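Each in structure tokens, the structures are laid out below.
Two complexes come next, and they have one chain in common, chain A, joined by chain B in the first and chain C in the second.
Here is the complex of A and B:
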């Protein structure tokens, strides 16, 4: 039996405090209910955020480029994990917020890609597969656990979050970057999929993709993009950590409206007394 | 209303929803008339067939002219893409050509110039599909050509799109290419994430931990085993990323980035139109569904000409008294876009070389309403535009631009005012 959990017939010690078995059981039931509700809520909210911000870059195989997709996706994804890490860590010492976010997001994306894009709209799954973001979430949680510091998590975890995104997705993406010839032109397999399967109101020029090259580092624009993304992730992590802190605080304001309406504010009276 | 009737009504409504046929159109009539009348005018459009099986081709060919009187509120077509107006990917586009050049990339186009296009579509999803040629212009959106129904028969599961890449990789079916790899790697990460969550959620979570922190016992919440698990997680995560990257590099050593360049396509050679059309007055009789354009027409050419067709927004008002004009209407052209009354002229005598004459062109048909072109009367830019096809006595065709302001005629209002006076 670990030091965290010690049991006898009538009671159980949880993290240094003795709980009756009934209370411990109720607490566990509460855990289960809240975990289910929170997972669904985080999945829905984070998925909506993802759809509205990352959007097309992740929807389509011919938008997953070396520049904007690599740069924008981690930065935009950082919001929920950072804010929730504050709550999960500061209130419960649970280093799982980023993983929960990414797992929920993965579940939500797979549901919409399969049902909305593939089944409903006829796009082949080879065109609309989602990127994986779980590696970054795992690193964020692990660094927070080991360091116990938001600043170190921002610097090491945030940078890793940006850096790992592209290599973690390369095994998924590489088959779609094979070169092929179509109508006497060189294109990648991903380009051709995007061309062949018509998105009526999304013509080729709407793609927000790399159309030149970042001319440093021998044209390896994904590397430059990943480092830039990681750097911005550091800042975004801290921003959202403090936003999480602000939203986790309970604040009250004196009710002036009653006095404007000629009513007594009993709370204010009591305070004065 | 009795409850049983309410229930019956509700059931009836639900049945109507279930029985409702699939929505097949895709909003082409909802585009503003100024977009359809004064941007891309498609002509000579043909569909190779109106019925294909899954995996069979339908070829759409024709030409379009980017109209001289291009709306001032639209950007010029500096970036454009030859698309196809279909209900999503019910067909697969295997080829598209602009003036013989590949149209896989976006191109700049020129106003008042003509382009020949060809698109090859392969049947994929069974059903009756409305198929349009289309040009997308950045800032102006999709500009649709005429649409024709094409039936795709067979089973969707029979569709395949095989190809071979430049490194010799044979792809049996692009529909499923790479999907197993995507599913596999996602599964790996999902399993690791679930293991990490189970590690933490197997013990009391919320209230006991919150209480422990409030009472200053937070050190009991993280054990040495937890820290070790965190360290293992970092090593495992980085290792899996590296292994995956190396595997991909070894499996697919020759890859290229997305190709986002712009192509260049020269327009068709300019053919000087020796016919000059100046609109004197154009009216639309609202209750009569009749458009009348009085125009001064000058024949600068060397041969007498006759007027065979006025075309706008895919509608073709053809002069049925002119055999040369009727011969241009192919059997596959959608009949609902060729109004039966056609084009009527106030004076159908040939226009002699050098002659200028004022002619009234009458196009009357309910198609103005069904195609929702009469809503141009609500547009802030109230001008009509179209192409006038003229034929000389040797069968030669001349295409002239026609554009000018249009005035609505509300006859019911005129009649009402007459009665009050």
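Here is the complex of A and C:
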């Protein structure tokens, strides 16, 4: 009995396994460090990917159009959540990867949008506010948790990810889609902000400018774009799930510099990764 | 408190016989605080001198404030790379076969902390100063490759993460038996991909010298950075590999304790 008590005092149960107290503490410390590393690294790499593929539509309120913004943003956003869902779900059974990705991205974007576009380049924040993508991340994780299947997550989660982007951003965007008359043209408030604040390096011809039609304000074409985006998201999800699998593979090659490093050959020892 | 590397590879404090703590967070925390100070300094420098002295590369003030900073960074780059990497190489453990589990565990945690500092530096390049670059170049027409944004993003922050990325790789190769025996592919990818962003600047600046690409930040000219940035995902594979080794070392620690 006393031996049992002593064993309980010296050990703890963690992840369904009995550990010595020292190892349990090390394991917890390791977990915390890994969480910090992954959050910082995901924020950095995902933000870089995002800004250099669809950043322009996110930087400016007048670029948030009914077609390219709605279509391209979810498709390119799907990459990291899908790849990391493989790692988080298959290796740790954690259904949080997509939400973590979106939270990291949102944090990274807000910090720089304020520090760069607002306080360095002096654009009003109403012109450079970032879109929100957290709803899509939540739905992807929820579908993966409920189904436990990458294929079902691709079909239902991927389609929902594309479809949700526009309505999730509508409360932010709606005030900038109000109609107004400027220089005898019917334009949206967002477009007018684009006219008023000059971007010296960004010529007007790049912008999607529509005047005087119902499409100027979104309309049915935004819904069609969202459906098309959802369809491509299904395919992109599967592609990136397998890319995540490749990156998470623990592979090694023999170190041919061992003798140069002054180390002796250990023979077959240590061949497994 | 000084330390010595014994023939068994076990590091002990010179003034005490008990082994060091297996997780020493202090160097990593001090490194990260130092990085925050440097990055805050860079950002304040941009705020003060970008608009006042960074718009015209033929202006003598530009030479003073921006080319002067660039030259200073290039000197620091060479000194810091040569200093840390050669120190890691010269002080390498040549007797890894005799490494005790306790010391091996301590080194695994040191490697994880190296990776944490590396990821922290990558944040300032990939997220913070990269989008700052968009905010500058979509507003100001450039007349040089060494703009107030580039001097800090490309020649200030990228060399810093390369310092810790390659440093961590060398640390693993020279102090951990598993990493000395076999080269970790995810580790090589996680370090080499972001490292290659620096030489990819050659292509980037070559393109910008021909075309006015800054008008569109998502331009194909920038996609090389995107693909190289994907290699950060290999940190997942690397951390899985380290977790596997840490778990195996824990088993040896328990055996040692029970013996």
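What we mean here is this: the second predicted complex is superposed on the first by the 229 of 273 C-alpha atoms of A that agree within 3 Å, B and C clash if a C-alpha of one lies under 4 Å from a C-alpha of the other, contacts with A are read in each partner's own complex, and residues count from 1 in each chain.
The criterion applied here is as follows: contacts are C-beta pairs under 8 Å (C-beta built on N, C-alpha and C of every residue); 3 or more make two chains touch, one makes a residue touch a chain.
Just so we're clear, the structure is a prediction, and the values are computed from it rather than from any experiment.
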(request) Please indicate which partner A:261 is in contact with in the superposed arrangement: first for chain B, second for chain C, both, or neither. (result) second
(request) Applying the touch criterion given at the start, work out whether A:66 contacts chain B, chain C, both or neither, answering first, second, both or neither. (result) first
(request) Would you check which partner chain A:53 touches, where first means chain B only, second means chain C only, and both and neither mean what they say? (result) second
(message) Looking at A:235 after the superposition, I want to know if it touches chain B, chain C, both of them or none. Which is it: first, second, both, neither?
(response) neither
(request) Identify the partner contact of A:91: answer first if only chain B is touched, second if only chain C is, both if each is, neither if none is. (result) both
(message) If we overlay the two complexes on their shared chain A, which of chain B and chain C does A:27 touch? Say first, second, both or neither.
(response) both
(message) Going by the contact rule set out at the top, does A:151 touch chain B (first), chain C (second), both, or neither?
(response) neither
(request) Figure out whether A:45 sits in contact with chain B (first) or chain C (second), or with both, or with neither. (result) second
(request) Could you give the residue numbers on chain A that contact chain B in one complex and chain C in the other? (result) 19, 27, 30, 34, 91, 121, 123, 199-201, 203, 206
(request) In the complex, go through chain B and note every residue touching chain A. (result) 26, 79-81, 83-97, 102-106, 124-125, 134, 136, 138, 141-142, 161, 163-167, 169, 171, 174-179, 181-182, 185-186, 189-190, 192-194, 196-197, 200-201, 203-213, 215, 217-218, 220-223, 226-227, 230-231, 233-234, 237-238, 240-242, 244-245, 247-249, 251-252, 254-261
(message) Show me the residue ranges of chain A that touch chain C in the complex, using the header's touch definition.
(response) 19-20, 22-23, 26-27, 29-30, 33-34, 36-38, 40-41, 43-45, 47-49, 51-56, 59, 79-80, 83-84, 87, 91, 108-109, 111-113, 115-117, 119-121, 123, 199-203, 206, 243-244, 247-255, 258, 261-264, 266, 269-271, 273
(message) Taking the touch rule as given, give the residues of chain C at its contact with chain A in the complex, in rising order.
(response) 22-23, 43, 46-47, 50, 92, 94, 96-97, 105, 109, 112-113, 115-116, 119-120, 122-123, 125-128, 130-132, 134-141, 173-174, 177-178, 180-186, 189, 212, 214-218, 222-223, 225-226, 229-237, 239-241, 243-244, 246, 250, 253-254, 257
(request) State the interface residues of chain A toward chain B in the complex, per the touch definition above. (result) 2-5, 14-17, 19, 24, 27-28, 30-31, 34-35, 62, 64-66, 91-96, 99-100, 102-103, 106, 110, 121-126, 129-130, 132, 134-135, 137-139, 141-143, 145-146, 164, 167-168, 170-193, 195-201, 203-207, 209-211, 221
